């Protein structure tokens, strides 16, 4: 099978509707309706000691990234430096 | 529980109405009505020897930051370099 | 025969209609109708340890590159740093 | 008591009407009516070997700084690099 | 006789109509009618280990360069970094 | 007495009408009527091995500098890097 | 006598009508009618191992430089980096 391998410090994200996928105590944004500012990491470029991994949900800078579409999926190449935060599991209640 | 972990040198701030939360000798700004220029530090990214800690109230550069909203709370990812000052306790009278 | 040898860190791409050339499990973009954001690597400039090779299919940043045309072929000189991703064969199913 | 502690290389200035506060041989500017280009240093950020101290009167680059107001006082966070000059005592007559 | 010796990393190019001068298997662009993006290297400035030599035909970035005219000839000072490619002889058929 | 001590690499200039002050073989500009591009060095900031001294007449880049006025005198804070030339005494005839 | 000593990496040029001053095999531009792009080096600033000397005729980048006029002469302070080429004597025929 063929896949997209990001180059340089690009991260490939799948733009997802987070509301439908998260549960429990997660912080769910209710703004940013049209173009979401978050997505799921699909592939990583050549990044030294990345702080994100494939499968992570991340926020990224608005208007960042180069979009490609594949069927119904929206994919986005975002420079690693434009990622703002990832969602992590914590022991807090 | 899930939380937002800022990446790179981003700081996650909660935008608060300072007037309602401070007391005593604190300097209370009475301008900047719509979009406040200050907030409370909620989380810190990967910052070497940060001068601010979680819970600090900070001023930041106007128009800086990427906003996300969660219920009634306004959260903002601000580059650490755009923080202007923090409010500290002193022995002065 | 004479050929174009890219200088500096430029990559020479041939702009191709990927839909007609790929098969199997490849991710086929169906947007970006007029000016495709992908092409085939035809020649490489002076790039240290390049992550792409001649023949690779690559995505590149929109609006990047200096175009030249040759007969029916569209060729583009793209800075290596503006390449976003290459298409690779994987063992995944 | 609580105070504003500038971060990074910011300097906190109190914008003052110099004409009312200076005397003797001091150079008194008579332009720049609306928004003065000078003020008194109130607090210093993390500046290595600063050339100004708290209490100094300084000139700074026009349009520089992030303003906050506190009652009647106008405070300004100015990058240290945007300070132009300080007023010093000399032995000259 | 007197000549133009480029300074710094400038390359002096003579703008030529390639169609009239090439033959055989050479790639001949048929676009870029008004202002060609290619020329012949006439002189080199102070460039360490240049990848082009006097006499080479080169492509350069559109709108780059400072033009001077001499009789019928159009000469152009182009920064070395703005050269895109040179035309080389290969053994390919 | 109090004086203006420039900070960083700023130079404090007094804007003078050179025509009235020079004599002999000096090059006297007759353009730049409104805002002169030259002045006399009044004070120097923290400049390592400066090529100008207090009292030197200097040319500086047009539109450079932050102006303050003091009575009839026009003073200007100009970055040292924006000085173009100084007027020197030579043995030439 | 007094002279202009350029500071930093500025070069002082005298703007000349080359057509009237050159002869023999020299390349004479016939464009750039209003504001010539070439001149004669009159003085050099603080440039390490300069490739031009006083008396050299040089081309420089259009729109570069800060002009001063002196009687009939047009003088220009041009950054050394904006010089494009100098005219040199060669043994070629």
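A few notes on this one:
Going by the order they are written in, the chains are A, B, C, D, E, F and G; count residues from 1 in each one.
One rule holds for everything that comes next: contacts are C-beta pairs under 8 Å (C-beta built on N, C-alpha and C of every residue); 3 or more make two chains touch, one makes a residue touch a chain.
Bear in mind that the values here come from a model prediction, so they are computed numbers and not experimental data.
Think of each touching pair as a link: the shortest run of links from chain D to chain G has 2 of them.
Taking each chain's centre as the average of its CA atoms, chain D and chain F sit 25 Å apart. Chain B and chain E have centres, each the mean of its CA atoms, that are 55 Å apart. Counting partner chains per residue, chain E shows two or more touched chains at no residue at all.
The sequence of chains round the contact ring, opened at chain E and continued through chain G, runs E, G, F, D, B, A, C. In the complex of the two chains, the chain E residues touching chain C come out as 22, 24-32, 37, 51-52, 58-59, 61-62, 81, 83-93. Note for the complex: chain C touches chain E at residues 1-8, 10, 12, 43, 45-46, 66-71, 75, 77.
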